[in-house]
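One chain, chain A, links the two complexes that follow: it is found with chain B in the first and with chain C in the second.
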Partner chain A sequence: MELNIELTPRTDIPNWLIYLTPVFTVVAALFVSGIALIALGVNPLQAYNTMFIQTVTTPFGITNTLEKGVPLIFAGLAVYLPLKAKLWNIGAEGQLVVGAIVGTAIGLQVSLPIYALLPLMIVAGGAAGAAWIAIPALLRAKYGINEIITTLLFVFVAQSLLNYVVRGPLRASGANFPQSESLPAAATLPGIPRLGDVPLGLLLAIALVVVTYGIINYTRLGYEITFIGANDSAAEYAGMSKLKVYLIVLMAGGAMAGFAGVSELSGVQGRLRASFDPGYGFTAVPIALLGRNGAFKVMLAALLFAVIFVGGSSIETVFGVPSAITSVIEALIILFLITAEFFKQYRIDVSIDGSYSTSASGSPEGDL
Partner chain B sequence: MAGLVSGIANATVNASTVLILAGLGELISERAGVLNLGVEGMMLVGALSGFIATVVTGSYWIGLSVAIAAGGLMALLHAFLCISLNSDQAVSGIMLTLLGTGLTTFFGSTYSGDSISGFPEATVPLIGEYLLEIPILGPALFQSTATDYAALLLVPIVWAFLFRTNIGLELISVGEDPETADTMGVEVFRMRYLAVVIGGCFAGAAGAHLSLAFNQIWSAGMTAGNGWIAVALVIFARWRPSRLLIGAYLFGLLNALALYTQAIDLTLAPESAFASTLNPVIEFVMNPTIMSTYPYLVTLLVLTITVIRAENRQLAQPSALVQSYSREVD
Partner chain C sequence: MDQDTFVRMKDITKTFPGVVANDDVSMSLRRGEIHGLLGENGAGKSTLMKILYGLYSADKGEIWFDGERLQMESPQDAIDTGIGMVHQHFKLIPRLSVSKNIVLGKREPATVFTRTEGSEEGVLSTLTNTRLMQWLASRFTLGLDEPRQKIQQLSDDYGFDLDVTAPVWELGVGERQRVEILKALYRDVELLILDEPTAVLTPTQADRLFETLRRLADKGLTVIIITHKLDELKQVTDRVTVLRDGKNIGTVETNEQTPGDLAHMMVGRDVLFDIDKDDIESGKTVLNLSALHVENDRGIEAVSGVDMSIKAGEIVGLAGVSGNGQKELAESLVGVRGTTAGSIRVTSKDVTNEPCRTFIDNGVSFVPEDRHQNGCAATLSAMHNAVMKRYRDSAFGERFQLNYEAMEAYAETLVEEFDVRGINDVQEVTAGELSGGNLQKLILAREMLREPKLLVANQPTRGVDVGAIEFIRERLLKQRKSGTGILLISEDLNEIFDLSDRILVIYEGEIVHETTPESADRQRISLEMNGGEQAQPLASVAADGGWSDI
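On to the complex of A and B.
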């Protein structure tokens, strides 16, 4: 008896598969991480109840989720936009950190009224993020040097720079810990009125999602970005400038990561610390991957990861489980997502005894 | 001064072993066309599993073997995703790092206080005494653990394997041009699997060196970014084992200098004419935190200069790096 496995590229992907993929991904990831929880003697159902149900049904949980969601939406867009042109901004983490450093420096050293200071901080933080990716962007656009590696290298430079400034130039005088002074009130993003502590950054993030959606779907630039992402040599034959589009998407992505840094600093943290950022920039990679079909899906994916972040720290306090379980869940979501992508693209037919099932393989004319 | 120099030499050699091991593994994997950004995760899994095995069995050799196997298993997952399922290599690698970091932090917390007796420092048999007489480098190189020696020996072995054996040349051909290699009868998929898994075994060994020889303890995140430096090192070395050895020592030296900057005062005397303008610059450049960025900056510089200067803009990078291969025409 012989087992045959036939792989056929799908010509069109059925709708149910598109909607089922994210659901399958999350469920499978939670199932496997449940095994890890059992290994530490924790009932996974109770843990997930605390992690998810409690988080999305209590005011405290919702506020926290929205708070964590803001940098994740910005950072998710920072990876999503270049991804539309098939470029990987793996270094959003670095751009985020640099944006936060520059935002803090301005917030502490420039005295202006709040309506001038906040926009200045945001613009400068965005510019810093864009500047931080400028060299990798130029190297990619002009010389074809792989942006995955170069953007990543800049992450580590940014983290060292952060360690340096909180111990050196920006260190608060007399502080026992390496951290900056608190930002003055004029440099603090206020909360949204009547929504408790939800930072105003959320509205900025949503606005940016809408703008990104509009650009990708309704402008000539967006058309060029998706065209180059689909087939870069055909796009060049059609007269599009790869150099221009690559520079724009990467630097715009850097700017968005910079916004993430400023909004986190000014809206949530209030002062710069060496450990202010729990890896939002790296989490942006699975977010962009989950939401790669549209800016609004990026926002949903960012909120999902925000729930995982918040829920992870609550199960740490309730069950005494290391919050590192969130990294495990994140990794498993990526794992099952890329596995599911494969099954989305290929149709798998299994037959026994060497007789191919009749439904296998595409239409005959497709073989030419 | 002599004490300072030998101290720096010692710290350089100490810091380089882990980079040599992890870097060689990444080099083999990338030579076959598969980028693996999961080095940090594989190293952590190697470090913890080797440590647990040593605690349980009492034998650091068993610990090392377990670490190598664990690193290989992690890499097998990456290989399956990237080679069989055509997944994005960067994404899968980041997944591997997240998974390794998460799992080891999650399960390692109960082992973080344990102590083991790991690899002892030893001299080379027979000629060890004479080697120790070599000034400065002698004690740094030849009063080391078995994993240090193994890392040094593996550099020529990997070189000979890649460039002087048929299987090595086939491996390289798969990273350069998988289509042609396939037509020539090379088993592209099998070769890539082999390279990625060997790479993972090396990363596992690098992790074991940290937890069983260098530190002899387990602590969460103990690889401290060395996995990422190893990725940078392979680019710095432009995919050649000999340059990788030089790079590992250079990066190790930068690391060692950062430890010793307090002892070396390079600032100008206050009465010197340029003291007021140059001293802040010197202090910034010699700051230990700033110095930790140099490996990355040097790598970027080498990358940029090589590409811009090369006439055909080739990087000596395996041509099919990051590209998945599938046989069907679509």
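On to the complex of A and C.
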């Protein structure tokens, strides 16, 4: 039996495919992860029930999801905005860490009333994040040096810096662990009234989603960002300044990652530790990819990943599965996302024994 | 079926969502003929040829090649069969050299591994002659010495004048096309499809190409030329097949038809070939260049001391073979390429080395040569592209805010005013979905309706159909009438003669000749475009002497 697979680039992408792709991505990833769960002796349906249904229906689950969602929304935007101009901020993690360091330092060192100290911490954290990406941004904008590499390398510098400050300047006196003092009450983001422990950062995150959406869709700057992202050469002929736009999107992205760091520190963790951050900045990349069609979709994607994080730790405790399973599911979603992208671009015709299947077999379900 | 039928396409039908590109088209080719394929943009010529070349599969129909029915799944099958195609949009890899581009897909192993008959016996040759080594060599080594010689030989034979070691990105559009033709010739094809091959060539080069094609046809190669240019069809083809709206209107013997007949078959109505050009009193100077020097991407001087001035309401035609500094000159005139010496004044303002934005704000419009690369963002909507030069205007919103309703309305005005077809919703249809002629109309609309003082148009009618060419030329004249100074860069001498008030010839970055359409001698211009007589000082030939005999 001979199997023929023919790939044809699509001239236009059908609507149903656009809407179905994200759904299919998640379903397929869960299906494959199900195999891993079965291998561990866990009923995948029960596990997914705990992981997803419980997480989004119980108050505890919702609170936790929103709490985890805040840094993910910020970090997602930090990657999303430069991506609009076709720049890859792979180093949101580094900007996030630096934002957290500066936020903590100010929270510990400066004594001001809460209404002055918190905004100062947030602004300073944002500024630190922006400053952290400034060098890669400048190198990219002025000399065309690949921002993927530079922003990523700056992550390692930031992590080393974090390791240094928690063992050196910011180390709590008399502590046995590499960690800072707890932030004072004046430096702690309060919860949103009536939503339990959900930090106030959520409101700031939602506000930034709205602002980002507005900038992209209603301003001249947004038009320039979109245009440069679509064809930077033609943009130059239109008299747009790539230098300006590249600097703006990258540094705004850096600032948002900085906000993520501050809000996580001041709203959730309360003190700086060497490993305070489970990699929100890296998770931000698939979030921005999933939600690249709009800031609100970034927010939804961030919340989806928050559900996976929270649900993942629930199944760890309930079923005793290793925490790696969460990473597996996350990785599979990313993998299927990229694959689905391919199916969006190409039409696949599969035929056996030379008899062509003439049905609209471009559907990913039929082919996988 | 003719006795000498070599290739036969039968009842080919191909539909795309919403469009029937080919509707039951049949055509047959004789061995050794040059066959023209004529039709307006969107008539289905390219689709038909892409089916023949294996890029598309037909919904229905058969292809017979040399008595055998073809089942092609990819261009590789077509190439293996002996079908080559030179596309309108070149399929070259810019980073690779000319020779590497040509050998792509048909590599030779490195010289060390080539089998040499009866050569000295040695450990090395024994080793390299083993099947395993040969297998590895054919996959992982790249021998360029022999192919390079062959390519250089081909290039010289056909007068292509190419440096086969140069990377493709350094080449101009004309040179790139020559690489494409060479690529097909290198593969020893039996059927060569050329999609608008002369669009980028000068008349002299086109003649040379035709001679080459004729020579190849005499040797038994079958050639299909897709073109819009009726005089070329007359000049080079044996037979012509005309497509209109996806249907075959007929195949005719070329020498039995007049260009007018062919145009009528193609468009379905009579086409005016003569353009009425009113006399216009030209106004004050809108562009003044003095001793302008510009470098190309390689840092080599491409424009060497050009002086030029263009007045309001004047069309200055710049004739020249592609790659003689036109691209660099045009880019410097619109501010996207810096200059190394000299000055550029637009109206009376010195804008030398100012950013592109300053040029735009001072009323400079530009129609770039490569409209997909520099003229539009193909993935964005027609609306996004329509306002590309004007989105800063207060008409589209105050301060930071951008008024999308105003933009949509403006885009619709452009579409209507310039009769851009294929757009039912300016926010939905992307620039990349438009056909070449319609995209060019949209770009021209954008550049012209902002009432520029200076319009630099680089190859504005390249690769568009007769109907659109007619329209574009009329619009250029209309723009001239409204007082815009126009620099028309073109390799089409007819276009230059029809539209220009003055003609300049550029060769190796210098203006080597200046004349007017009335007093010009075509042969002289063609000669100057190719470097002319080196020994002849410019001044002594200013008056139009006995040059036509040369």
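Methods note: the second predicted complex is superposed on the first by the 339 of 368 C-alpha atoms of A that agree within 3 Å, B and C clash if a C-alpha of one lies under 4 Å from a C-alpha of the other, contacts with A are read in each partner's own complex, and residues count from 1 in each chain.
Keep this in mind: a residue touches a chain if its C-beta (ideal position, glycine included) is under 8 Å from a C-beta of that chain, and two chains touch if they have at least 3 such contacts.
On a predicted model such as this, the values are computed, not experimentally measured, just so you know.
In the overlay built on the shared chain, the residue A:131 is in contact with neither chain B nor chain C. In the superposition on chain A, A:233 makes contact with chain C only, not with chain B.
With both structures placed on the common chain, the touch criterion links A:223 to chain C but leaves chain B unconnected.
Legend: residue contacts after superposition of the two complexes on their common chain; A:110 is shown touching neither chain B nor chain C.
Looking at the superposed arrangement, the partner reaching more residues of chain A, out of chain B and chain C, is B. Judged by the touch definition given at the top, the superposed model places A:241 against chain C, while chain B stays out of reach. According to the touch criterion, chain A has no shared surface contacted by chain B in one complex and chain C in the other. Only residues 16-17, 57, 73, 334-336, 355-357, 359-361, 366, 368, 373-380, 384, 388-389, 391-392, 397, 400-402, 404, 433 of chain C touch chain A when the two sit together in their complex. Remark: chain A residues 7, 9, 36, 39-40, 88, 90, 135, 139, 143-146, 148-150, 152-154, 156-157, 160-161, 163-164, 167-168, 282, 285-286, 289, 321-322, 324-332, 334-335, 338-339, 341-342 touch chain B in the complex.
Remark: chain B residues 35, 37, 77, 81, 85-88, 90-92, 94-96, 98-99, 101-103, 105-107, 109, 220, 225, 228, 231-232, 235, 287, 289-290, 292-293, 296-297, 299-300, 303-304, 307-308, 313, 315, 317, 321-322, 328, 330 touch chain A in the complex. Every residue of chain A that touches chain C in the complex is listed here, in rising order: 4, 6, 11-12, 217-223, 226-227, 230-231, 233-241.
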